[in-house]
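So that we are looking at the same thing, I have put the structure below in structure tokens.
Per-chain numbering from 1; labels A, B, C and D assigned in written order.
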Amino acid sequence: MLTTNPFDLPDANGDKLREECGIFGASGSEGAAALVALGLHALQHRGQEAAGITSFDGAEFHTHRAMGHVAGNFDSPAIIGQLRGNVACGHVRYSTTGETALRNVQPLYADLASGGFAIAHNGNISNAMRLRRDLVRRGSIFQSTSDTETIIHLVATSNYRTFVDKFIDALKRVEGAYSLIVMTPEGMIACRDPLGIRPLVMGKLDDAIIFASETVALDVVGATFVRSIDPGELVIVKGSEVSSHRPFAPTEPRPCIFEYVYFSRPDSISEDRSVYTVRKEIGAQLAIESPVDADLVIPVPDSGTPAAIGYAQQSGIPFELGIIRSHYVGRTFIQPNNEVRHLGVKLKHNANRALIKGKRVVLIDDSIVRGTTSLKIVQMMRDAGAAEVHMRIASPPTRHSCFYGVDTPERGKLLAANMNIDEMNSYIQADSLAFVSIDGLYKALGEANRSDTRPSHCDACFTGDYPTMLTDHDDVASVDQFALLAERVS
Amino acid sequence: MLTTNPFDLPDANGDKLREECGIFGASGSEGAAALVALGLHALQHRGQEAAGITSFDGAEFHTHRAMGHVAGNFDSPAIIGQLRGNVACGHVRYSTTGETALRNVQPLYADLASGGFAIAHNGNISNAMRLRRDLVRRGSIFQSTSDTETIIHLVATSNYRTFVDKFIDALKRVEGAYSLIVMTPEGMIACRDPLGIRPLVMGKLDDAIIFASETVALDVVGATFVRSIDPGELVIVKGSEVSSHRPFAPTEPRPCIFEYVYFSRPDSISEDRSVYTVRKEIGAQLAIESPVDADLVIPVPDSGTPAAIGYAQQSGIPFELGIIRSHYVGRTFIQPNNEVRHLGVKLKHNANRALIKGKRVVLIDDSIVRGTTSLKIVQMMRDAGAAEVHMRIASPPTRHSCFYGVDTPERGKLLAANMNIDEMNSYIQADSLAFVSIDGLYKALGEANRSDTRPSHCDACFTGDYPTMLTDHDDVASVDQFALLAERVS
Amino acid sequence: MLTTNPFDLPDANGDKLREECGIFGASGSEGAAALVALGLHALQHRGQEAAGITSFDGAEFHTHRAMGHVAGNFDSPAIIGQLRGNVACGHVRYSTTGETALRNVQPLYADLASGGFAIAHNGNISNAMRLRRDLVRRGSIFQSTSDTETIIHLVATSNYRTFVDKFIDALKRVEGAYSLIVMTPEGMIACRDPLGIRPLVMGKLDDAIIFASETVALDVVGATFVRSIDPGELVIVKGSEVSSHRPFAPTEPRPCIFEYVYFSRPDSISEDRSVYTVRKEIGAQLAIESPVDADLVIPVPDSGTPAAIGYAQQSGIPFELGIIRSHYVGRTFIQPNNEVRHLGVKLKHNANRALIKGKRVVLIDDSIVRGTTSLKIVQMMRDAGAAEVHMRIASPPTRHSCFYGVDTPERGKLLAANMNIDEMNSYIQADSLAFVSIDGLYKALGEANRSDTRPSHCDACFTGDYPTMLTDHDDVASVDQFALLAERVS
Amino acid sequence: MLTTNPFDLPDANGDKLREECGIFGASGSEGAAALVALGLHALQHRGQEAAGITSFDGAEFHTHRAMGHVAGNFDSPAIIGQLRGNVACGHVRYSTTGETALRNVQPLYADLASGGFAIAHNGNISNAMRLRRDLVRRGSIFQSTSDTETIIHLVATSNYRTFVDKFIDALKRVEGAYSLIVMTPEGMIACRDPLGIRPLVMGKLDDAIIFASETVALDVVGATFVRSIDPGELVIVKGSEVSSHRPFAPTEPRPCIFEYVYFSRPDSISEDRSVYTVRKEIGAQLAIESPVDADLVIPVPDSGTPAAIGYAQQSGIPFELGIIRSHYVGRTFIQPNNEVRHLGVKLKHNANRALIKGKRVVLIDDSIVRGTTSLKIVQMMRDAGAAEVHMRIASPPTRHSCFYGVDTPERGKLLAANMNIDEMNSYIQADSLAFVSIDGLYKALGEANRSDTRPSHCDACFTGDYPTMLTDHDDVASVDQFALLAERVS
């Protein structure tokens, strides 16, 4: 099974934040499921452990879910042929490994009194545990351990009359982050939570309406970008009719700033900004804030590359490929015995020894999570004969967990939650270490600095400034009780 | 995949009644799941298309379900090792083929407010559709298309306080046939519907309590037979404590008579009668009622063999193996092209040509459903040179569908629903055809004849005398509406 | 994987002789491979661990080989569709388990200077090791560890000019038992060793010529039996032309007598005798030679059944099904943990307890190899309450190994090689034990007795009278040297 | 299955030259097979369709071969654990797809009279067909359709006495390109053809001797580079003893120049030159020879990247990531229906639209084979709004097929064999197109220019100057006759 993110550093399982989902929907296109498969393939970097597509053919819903990548699971004519209909949506995700995995793979589906209901969700409901407890007491039976299922039961048990009213009733009871694509026999709905924490864009391909987590998925299917879904907006597509609804009180949006740092593909456009350009800008800010006298600027491939180009252009130090990345690590190679286990790090990255030897190098990486990778990369440079190794990081120190759909280690394992910058520098054994400042990061976005009172983005992983309540996090007992009830399916 | 019943005739998919389930439970035995796997293996003839086992280890429930046979799916130490705990139950079933199959495989499981709940069911709830519609309107979300799931939601939404009261409340709202084994964190419950339509027995193995559909499963695991569960009885096992409950008003039992004809294994004991002996007795009755001047008595293997021995002993005509059955047809051989498709029938049965040639033969079979097999077998005897071919059937004509958990063709396809015996004889092209009489069948059970007013068994498939209401059958619209809602999962 | 012979006793892996092969060929039939697949399915009892088919389409040879049964491996239209051509042959075999298995699966194939050459072999070359050593010294490279490959290299390196002459040259250099079907671009050849130790028959289906190990395979494909291939005969089929060749000096044939005892299906005709009838005759002889005062005659299913019918008819004691065999053991059920391992024997056979209790029973089995099964079956009868248990065996004691293609345990593990009949009776704990005499066995074949000077069959497993030289057996060093050279392929 | 080369362009199956093999051997290391697996993983770019490893444990040889990548097939402890011994060698390759594939996967193995013999080969024997015909006439039987097997039969039938003499005898009869690693019970031999067309280097890891196609494989296993094997040299390793043999008359070496252009990894050192540095140098030469007035230098990822950096540094035009490559195309995504098939190109590469718009871009690629990719990439740039698109190629035009182990299209499909540069420019629809000159290529290697009389490298794909005879190529009939004999195994 494919288990690592090719954009990752070595030791990726532990040393990168992991986006938990990408979603894609198409309404009004013959063979919609094939379009969704292509779109999910373009969003594969947002979730690589499982994928699913649900279609509706006017009478029946059809679903296929699988562990693993989109390619290999959703590209056979047999599979796509079964996913009949002109409306379809899909989902890629990280999932917990092991026995209960498949039933948590989205889109989730339910037969409601109003008819079938499918849902694909990017984000995290931060009061899901408490809502679930209440629903179960009332007689609701959950099929999965996913927070998303909470929304389905809230719709099923809502006292409102129409489906849309039930759905809005449900959304008003959840807190947290959600970009959703849902399907009913009547049409497709795309919506985004009031703060717009997770992204969602709309496009057009001939007469079809497309929804996607990132614009790159529109490019890949040949669709034209129309606009972002607004925070708090519901867009309803019924046949050729598209309508917009805003059931929430207006509030200041807080989209996730880490999309610029790492999650989005560099060729995506986010809120009218080129992600590639923002990353180069961050690199340039870093060169201004933390210059260093060196011979080579070397990206930690591939996520550090745009920032490294920006750093090199700003500083005038040549950009060079000092670390060569193997293209065959998408498929994890398990070192088969103890004799060779310590050799493993070089499977993913290898120093370009002839280039490095005797040189002073600046390494550019996007972020530091646990620090284990940085330590190995610095060591690899020294083994290759580097005279000096300076590490520059294209984001502020990651000090806080995310509760909005990103898999972060518990705080105790975040290097920056436990050490100041000098201590981190000692830990990774570099000659110097610097992070871009939080204001520098906002500068790269074109703002003068971060507004402490009304920041334009969610930057809680850097600042601890969470824009919503965190009910379940504050309600620890629920977690344990919940775990007790789960059936283990092998 | 293994898809045919080795007890079947050729062309088995269409020409045998199919029992829909076997269930087995063990409480108080270390490694209970391994016992359950053995027990289900012994009940494999009751359902060959899917199997499942759920165990409880004092904290968590563990489930494994698979399409196909018990052997190959439930005999690896890895699988059994995951099914931890001293309490376990399991299920074998026929299921509809295709995409949605696995989610209907039992035991079904749900997390209720009172804790985990697993259920294995043999029978059929004849008002399941109507109950489901009501529950969905109220907000319940169904995971499967199984009638059994109705019971779970009735428990989940019951207003009674204790689990046992909720469970009895649910049972009082369902009609039809059910032998159930359920598990909760507090213990195991075995119960049988008030008429006792489907069988269920209790045994003992050291300190463990065992429940099984047939006594042969007790034999195979080395357990001692204790007694049958009474119609309308609940037996509750909590640790070493066993208690009996009878929440229903007493009524005349009506156990299924077809268990003696075909469903049960010949080495099982049903209601104190040896199934093998009853079958020989039916054969003897048939020899008395419908004698024939012939040279050989030949069983249609294997289900006709005990009756053929009875017929031979009663008539004095030698019992001979005139049809040799291949033992490799458990695994269906698909004829791979048109050139050879017409040859296929002999893959399963082949005439013992040297024996048959020039002889007058009496063929003994257990029942006729569609008649296609009888036609082929008679032809096979003639091709092998038989001088005369007389067909004798060890049950009365099967004229009516079963609504209690047995897969019968729609009435229009039952040969005996459309033809009288002479017409059937012409259709199968035998020299003569006779069925045992309904009174002859009851005689073989030791009764004087069938009581028309208070028959001791359910014999609706022969008589049309159904002992319960058939709500869904009378409420056709529900079927269609239900079908509309189902998600197709590939 | 399917690994047991359904005709076997419990503990089959150790307690039955195992025929090593069945072969089938068809020439002149459109889609010949499909016919071969059906024929091999009918011969499945002769070899269940692997199968292969090779076809020739006039230009190219096509081969598919697989571990496991014919059904499941050779019944998909995709597989059969690739095996193009009007000429095809196939093979079922027992093989040693493990890594090197697939390359030994037949038909074997080689590109010779004269063109492609495929060969399917039933039997064993008893000087294969010595021939191989000589060929390797000369530069031949072996692909397999099969004795059959020796024939291919002898053909490839023969100095004769035509293919047929090369082939006869090769056969004259091998000793042992062989029934062969070979294919070249010019046609199909079927042949049998000069003693005719292994069987081979010819049939006709429309214009096609069929060859098969047993007549049952002709029945199943709808072909007419023409005649047996004579010992020492080559039958060559080129298009519609069939010619017979007898290159060997005439000698007294010695076909294997164990085909009657166990190997052949009861519905086969062997040398003009019905195998079923011979088995009944053996049972009758046994009743005459070793009568017993008893209540029931019970076959050990299924291989003991015809002899039991014969015994019952001769003795007048009723034939009854006292042991019920599960039809689901074709697929071996592995007992998953120690708690239940001792329960395993009943998975395959279960006593019909209600019938046995208090009765004096005669058990009829076809042979005793190691004796472990007999011991368990006797014990099972006693546990079920039998008053007396008498064991009668429908063959003489098996005292010697077979070197002609039958997998026998080494002599030290053959019960009858180490004990006299009284000792064997004590070992299996029966009340009495008797075997049919060697003369009784020949009587059942219609002869007056066994001719000590010119016996009509190979009965070496009973008498030690081997009809050929056993070069490799006498040349032990070759075995070890050979083993050293083999590559292990995982 | 993983089927594309991640270093490839879109439409890679047709538009890149494909190196046919990488080889790796280790002698004297505990658990040698694990080292070989790591080494092959590092050489994966040299052959991605199949892999194999053979080990020797002092008594037996052990082999595992598989279609697909090293990761997933050679990283399980179970597989590696079976490949016992301190000596092992392995092979990665491209293979023809389909049924006969596995038997051609190397290392090949044979049991010779002198003992086991395993061989891994990078290159191509250009008289293999003629040798094979002669050997088959003599009685040799081939297992594969691989040219490498010819060497085995030449060894097996050599009249020399010792293994090494037989092996040298065989090599003297073959023509073409070969780097070989062979194993016998006595030791490991590495050798290179007299012209040294394919690479092979030697390294040391503690006491173990390592052989590999490229130095990057030494880096990855932690070994130290010792030296290249010389053209025409045999290095024999017996235990700790290493000896060198030079049985061929000395000649001018002609190593493949395309290793610098594309085949080798940029972090490899080839003949004391850094491949990365040579590629940058080629880019710089290209900037000198064919300058262009532009805004951005854009690599066609990933193989064009080093040359693009060289071009950018020489020209002063900024290097930018104008094409973003998906990291999920290692696993080919099959477009499942016609509606979306035309969208497919963007799955692999997507234009960085925000960067490109309105700009004059220079695209740098390593070579043009069929030209289909260049056409698509140019179009992609125009669709993204590029003002001008100039294509610069870091090798001379590829005009001739390779017969030394590289899979090239037939000449008629090589764009440069059919068009001059202007015509190619029109075909790909660029604003301008230029290739580096052949002298420019040699300049990048540090030579003054190409010596027409004694060129230092094999550059036949550019010049048509083949350094060996091409017997089979001139002997076309052999190809057809050979094809006729092959068995198709499904």
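For this structure, a couple of remarks:
Following the convention adopted for this analysis, a residue touches a chain if its C-beta (ideal position, glycine included) is under 8 Å from a C-beta of that chain, and two chains touch if they have at least 3 such contacts.
Chains and their UniProt names: A, B, C, D = Amidophosphoribosyltransferase.
As the structure is a prediction and not an experimental result, all values here were calculated from the model.
Path length between chain A and chain C in the chain contact graph, taken as the least number of steps between touching chains: 2. More C-beta pairs touch across one of C-D and A-D than the other; that pair is A-D. In terms of their C-alpha centroids, the spacing between chain B and chain D amounts to 63 Å. Centroid to centroid, with C-alpha atoms defining each point, chain A and chain D lie 37 Å apart. Centroids of chain C and chain D (each the mean of its C-alpha atoms) stand 51 Å apart.
Of all residues in chain A, those touching 2 or more other chains are 79, listed in ascending order. Chain pairs that touch one another are A-B, A-D, B-C, C-D. Remark: chain C residues 54, 59-65, 79, 82-83, 99, 109-113, 115-116, 118, 136-137, 139-143, 152-153, 156-157, 484-490 touch chain D in the complex.
Across the interface of their complex, chain D is touched by residues 2, 6-7, 29-31, 34-35, 37-38, 41-42, 44-45, 69-72, 74-77, 79-81, 216, 219-222, 265-267, 269, 274, 276-277, 302, 305-306, 309, 313, 318-321, 324, 326-337, 339-340, 343, 346-347, 350-355 of chain A.
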